[in-house]
Amino acid sequence: MIVDRCKECGLCINVCPQKVLERGNEFNIYGYRYVSPKYIEKCVGCRLCEYICPDFAIYVEVDGL
Amino acid sequence: MRLEYLTGNHAIAEAAIIAGLKFYAGYPITPSTEIFEYLASKLPTKGGVVLQFEDEIASINAVIGASWAGAKAMTATSGPGFSLMVEALSLAIMTETPLVLAYVMRAGPSTGIATKAGQYDVMQVRWAAHGNYELVVYAPWSVQECLDLTIKAFNVSEMLRVPVILLSDATLAHIWERVVIREPPEVSIVNRKKPKVPRDKYKPYEPEEDLVPPMACFGEGYRVLVESLTHDERGYYKATNEVQRRLVWRLVNKVLKNKHLISDSATYLVDDADYVLIAYGSTARSAYALIRELRSKGIKVGLYRPKLLWPLDEEMLINSTIKAKKVFVVENNVGVYVREISRVLRNKEVISIPIIDIEVPTPDEIFEVMKEWI
Amino acid sequence: MRYELLIAGRGGQGILLIGRVLGVAASKYSNLYVTCSESYVAETRGGDSRADLIISNNEEELDFIKVRKADIAIFMHQAQLVKFSSLVKSNGTVYVDETYVSELPSNVGWRVLRASYTKLAEREIGNIRVANMVALGHLIGTTKLINPEAVEMAIDEVVGEEWSELNKKAFRLGLNIGV
Amino acid sequence: MDIIHPLDRYLRTDRLPHIWCPGCGIGIVISAMLRAIDRHISEGHFTQDDVATVSGIGCTARATLYLNFDSAHVIHGRAIPFAIGLKVIKPNLKVIVIGGDGDIAAIGGNHLLHSARRNMDITVIMVNNMVYGMTGGQVAPTTPMKVYTTTTPYGNLEYPLNLIKLVSSLNTNYVARASVTHPHLIERYIYNALSRDGFSFIEVISICPEVFGRHIGFRNPVELFNKLKSMIKFKAKPSIDESDIVWGKEIVLGEYVNEYKSGFIKLLYGS
Amino acid sequence: MDIIHPLDRYLRTDRLPHIWCPGCGIGIVISAMLRAIDRHISEGHFTQDDVATVSGIGCTARATLYLNFDSAHVIHGRAIPFAIGLKVIKPNLKVIVIGGDGDIAAIGGNHLLHSARRNMDITVIMVNNMVYGMTGGQVAPTTPMKVYTTTTPYGNLEYPLNLIKLVSSLNTNYVARASVTHPHLIERYIYNALSRDGFSFIEVISICPEVFGRHIGFRNPVELFNKLKSMIKFKAKPSIDESDIVWGKEIVLGEYVNEYKSGFIKLLYGS
Amino acid sequence: MRLEYLTGNHAIAEAAIIAGLKFYAGYPITPSTEIFEYLASKLPTKGGVVLQFEDEIASINAVIGASWAGAKAMTATSGPGFSLMVEALSLAIMTETPLVLAYVMRAGPSTGIATKAGQYDVMQVRWAAHGNYELVVYAPWSVQECLDLTIKAFNVSEMLRVPVILLSDATLAHIWERVVIREPPEVSIVNRKKPKVPRDKYKPYEPEEDLVPPMACFGEGYRVLVESLTHDERGYYKATNEVQRRLVWRLVNKVLKNKHLISDSATYLVDDADYVLIAYGSTARSAYALIRELRSKGIKVGLYRPKLLWPLDEEMLINSTIKAKKVFVVENNVGVYVREISRVLRNKEVISIPIIDIEVPTPDEIFEVMKEWI
Amino acid sequence: MIVDRCKECGLCINVCPQKVLERGNEFNIYGYRYVSPKYIEKCVGCRLCEYICPDFAIYVEVDGL
Amino acid sequence: MRYELLIAGRGGQGILLIGRVLGVAASKYSNLYVTCSESYVAETRGGDSRADLIISNNEEELDFIKVRKADIAIFMHQAQLVKFSSLVKSNGTVYVDETYVSELPSNVGWRVLRASYTKLAEREIGNIRVANMVALGHLIGTTKLINPEAVEMAIDEVVGEEWSELNKKAFRLGLNIGV
């Protein structure tokens, strides 16, 4: 997450097939409650969240590949 | 009479309805769009039509067509859109088509700052179209004047068969003020002259004494001919010196010779003023504030405010500044209308105070420059 | 009689609505002259929002369209208070929403009236979005600038039927602060 | 004004002869158009006072100067918006736009597109002479590939616009192609176009012996006429796929779109 | 400039966050476009310096401000001719035009039409949000009928433009429709478009929660997204006849035209 | 050096090739079309490209694009076409794009008389675009000057990154005259400044001391940003007073402060003249003929002929008329540039001689008016 | 025939199925040798000449109908 | 040395070509300065066609671009002679094509040189279209304004290979009229 780019639109939460993401409770410098990967362990690295994010705020690093 | 609390843009739209607008065609552009939107929701309830076109070019050409169909017609735009309308403006001038164009200025050049104001386009509005002509341009300084001068714009346009431009700016467009609204018969509404002769005697470009030809419209049986080429009184193309001279000079003179009917300006404390500030539109509000302030300090300053920007009423200008030692021209641009002022006030010291401010120059900014000269 | 009013806060706090209601109340229902210029930054949330009002009973006194030195100000948020405090007269009357304003400048002679408009709105009305009307009520109640009935008519007109009762309730709440 | 020719009542005869070059096809189109209008008038569908013709600038556009209707000869490419302004205010008018391929399809292309899309109730007659006549022979969007013109002295590289396909891709009621070689068809299509609401478009393939003829080596009007005639095919129900003009080979005439949907005016004012 | 996000090298990151509203689909399109470009670059087809992006004015058009290529943010509707000027002089550039439906199809419609007809070697990506976003919600040529907008407060009376049909009626090499609900397709189509000469056109159906969403009662980005998604159908080889957007019912994605004819540049310069 | 016998239009085209033109985009319009046609046949043999677009708007925008691709680029048009180009002209000004526009005036307004001349558009050419700026306009009076000033137009355009307009008319366009053609190195050709700093230090709108920023083009690796919005030195949009002021004033001043590099005018026997005629373009030929005639009769008249019409070189004008008792401004229009002259010559009697003639005013026509004043 | 409108284009001659028409030898006021219905007796009243004439110069009057 | 020449006739008589050839001959092959303005009516056949030439060895003498008082004139047709005769100096030298010009004004002191250029062209060359070159030859032969070789070079350049011999033949025919 690049928290200051997130605008709290919720699209990533909506598309994530694994329900990994959730709206956070903290505000970024622009006043948005940015998303956080709460259940990151469930992430399957499908990148749907990265592709859907209109704000270049979220991306997926696939470890160990 | 009723009271309203409106923005400058709303007032223009409201006034257009009062003046008898029946057709609006436009293309959205900040900061003029509220005129369009206000009319889109209100005009259809008064039997008028509001259409959005594919661009500004189509819009103004449709306005010209609608005017020839007999409707009072208008459009509104800002710099980039006006630039696109210029070719058709020349057509409207040549064909003596009544129409009103509300030009809400924003900061340029080019796309500039769409939401912010400036008075850059005060020369453009006069000179942008090809060919020689006179057109009529009014500049309001308040929401009330947005209303009053728009009605006047329609009246003059119908009276002289000439495009009339209402020149506002982004700041004026969006301030809210109290306005007094009067409807006919409390205000008088002018309609174009109609032919007084039968169809077979009628010539669409044959002027009466006031140099304005009566206007038959489409569908009235007169077989009118709208002609963009140089034409004689019948509308027939003629490529001769004689016809070209007669036509061009009449187009110019029908405005100049009727200047007394269209002239409009305001003065404030010029009679005993050592210094006269000249300003128009929203900037005049700042000049006025400064004058009130300086007067309270005993400095004798006055204001000359042309409401009719084009053609400039030279006599009024000269008379209003006759006693002044110095004349200051305050504008929210690089200093352009001042050229017109100094051209006319040949024997007077004319000082340009060009203040670029994306809202409106402040009285302090004006005084900052002015104080070096007084 | 000529007043300059500055109303400022963050986008979303309903600043412009205060201006709108005041403007209608003054111009349509109190036979006063008004100029109001609004400014806001559309692009990012939480930017400045500001309304400048000049109110007078004499049309001639409506000159420059922005506030030069405000007689009266409402600050709904600390950030805008800091930014615009220099626009307020040194002896001006200033209303602050204590919910969001914690520090006041020390070197001015303002008459400061304060209350937690937002908290009040939340607590008493159950909706923080009408904090603005609470503030407006406070201002009207204490300055008597305009007849409260005129303001209520303006509220009816500006906010629309669905919301007007709620807003008027908040307004009345404000009217009664400190009464 | 003496009326001699059967169409003279529709002409400003004091302005004849017109400016068109000997053998120019534009006159054929106008003649056919006037017969179509005359038929409507004599059938009582509308009167001469109900007809409005509008044109931009170009040889074709000059037509309106000679017509004894309420007429407008406006600026290059902008006849359509002017016509819409007329029609919306006076819905009873039969508004006809006449223009060249440059006027209607080059500089005026956007207005054509959007008025067709709106199914705006006007009739557009485009005279396609595949060149800019008035300005002396420059390439048009309709000029066949490889043709030498004054602005493509090394041959035209651009694929010509198929107006039938373009306009048919929009929401129009009527699209037809005629040719000056077959005046009866021009007349019939214009008659049909004027018999309905909504947008109607008629492309008339024409001959410009003076300029286009010179470019392709057919300066003689009769030769050019016969050359064109040799390419013409008529189909009662042509498909849009066969509408491409294959210069030298085949040009298919016919009514490509023929519908009676509600026009914009009906949607605007109700019926 | 720190590079964090995998696409950051293509972004002027010092200008982020961008101006687009929360949940606006434009960012999704740009993200997909950058991945398509990145794939070409990583496959060695061209370099970052070879890419030029051009846009007019509008929310969508703002994209070029954020892109770390040679870029131009010019005037409303005129990105295409600017792009042609670039391409003709520097044929090695990959010239991409990005614009909104108003920019490309309303005021810019004529340039779209004629550059498509010329099969001019540029790629045009049109973000169709069915509204004028930047100016606050006026009707667009793509707005579905009956929708209330700020300039059609009594409902839109105009038939919406089907860009797929329009552009396919011309002489282009590539015409495809994607949707922000399916970012992979956007990426693939842009990749495919950039893989060939001639004119390529991609319409991306987008969501504008702020303005269009408000008009139709879907202000929440997620709801609007899901609403749109529910209408989307993908076809491997869709026919042009099924390309009409039936709002609320069906929007067919796919590659409608997929050809490899010589582009204009090859005809101009030889191969 | 070689001799040719050419029309004014041919000479403009020929000069453009000499100056290094690589891209022409246009839309045919009388009386400018021969420029297009001449280039269409010649430029491709010199490695340039000539394209006809769907309209004038596309043409000038393509020219701007081509200029940003690194080519010297131009278009040509007349009144109606110029009016359509105005919006993009403002873009070219804002983005500091070098380009040359040949404007061949015809009789207006609107379609007017396409084949016939006039000088109606001399104010339009200066003021038509929205926003404030300075641009450069040259007016030739002979075929030789069509050639020389076109080369100069390209040079100035490259030097200042500003659109330059060559203002001709229908008469000049079609007269044939002998011209002397010089190619480099016999004439000097100026090319735009290129960046002197590496890519990561480069800012596309950061001026050097002459107020002109070096220009990196597309495909050169500099990641340029062409921006029509108000922008800072990097090209980043900023809606602040500071940025707007800095930008607008620089756009104005880069032309004004470099006026010495672009100024151009001619005088004829002004030193001892009681009367100075001021004229430009084809009309100046008539004024000149009249002066030769009057001088032969012992009347002391002289000619001041601005070749640089905009910005007017005020100093030169003042110096060239300093001894004159009266100044006459002769124009083939209703008298418009005379406004500019009287603005500058504040203490001088300035008499307007507006003669509309669809070819060119004759010396007799001029004298007819003038004789009342001398 | 309205002789002063004829421009000698020859289209009418070309389309006439009966070869009724011929270019004349006389000039009209504009210098064109206008067409004349030399073999008028052969005319079948088909009006092709009238319809093809771009100059409104020729028209057919059908007698006795 | 400064001459004004007026060449006039009907459209189709090749008037402009005379001007073009003269212009090229003077400016490119005789080191003279030339201004030529052409006018014609495109729209109807047989309208006026006219070329105005100013020729001088001093650039300064090229002023007004049209003929004010022609020193020399060629009239190829009666109509244009009538129309433009007032533009010729009273002591001017005038060439007329007797084929189409029958009447000359009586009240002027012109030096008139005449021949039936068209008939000559038809008879001697077999092509009336080169009557213009016969006239030009007559003018050059009698005025010596320009070296005939320069004119022939100009003909080569202006009319193009295919037609240049024919035109030169006509020109030489004219040169020898009256010799």
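To keep things simple, chains are lettered A, B, C, D, E, F, G and H as they appear, and every chain counts its residues starting from 1.
Everything below uses one rule, namely that a residue touches a chain if its C-beta (ideal position, glycine included) is under 8 Å from a C-beta of that chain, and two chains touch if they have at least 3 such contacts.
Bear in mind the structure is a predicted one, so any value in this text is a computation, not a measurement.
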Which contact partners do subunit D and subunit E have in common?
B, F
Using the touch definition from the top, list the chains contacting both subunit B and subunit D.
E, F
Looking only at C-beta pairs that count as contacts, which pair of chains has more of them, A-E or E-F?
E-F
Taking each chain's centre as its mean C-alpha position, how far apart are subunit C and subunit E in Å?
44
Distance in whole angstrom between the CA centres of subunit C and subunit H is 88
What whole-number Å value describes the gap between the mean CA coordinates of subunit D and subunit F?
39
Could you work out how far the Cα centre of subunit F sits from that of subunit H, in whole Å?
36
Of all the residues in subunit D, which ones touch at least 2 other chains?
17, 57, 75, 106-107, 109-110, 113-114, 141, 268
Which positions in subunit B touch two or more other chains at once?
54-55, 57, 80, 87, 91, 95, 110-111, 228-229
Among the residues of subunit A, pick out those that touch two or more other chains and give their numbers.
30, 32
Can you list the residues on subunit D that touch subunit F in the complex?
57, 75-77, 106-107, 109, 132, 135-136, 138-139, 141, 150-154
Which residues of subunit D touch subunit B in the complex?
15, 49-50, 52, 54, 57, 64-65, 68-75, 78, 80-90, 92-93, 110-111, 113-114, 268
Can you list the residues on subunit E that touch subunit D in the complex?
106-107, 109-110, 113-114, 117-119, 141, 157-162, 165-166, 168-171, 264, 267-268
Subunit C residues touching subunit B in their complex are 19-20, 23-24, 26-28, 32-39, 62-66, 68
Seen from subunit B, its contact residues with subunit D in the complex are 22-23, 25, 49, 51, 53-55, 57-59, 61-71, 73, 87-88, 91, 95, 218-229, 236-237
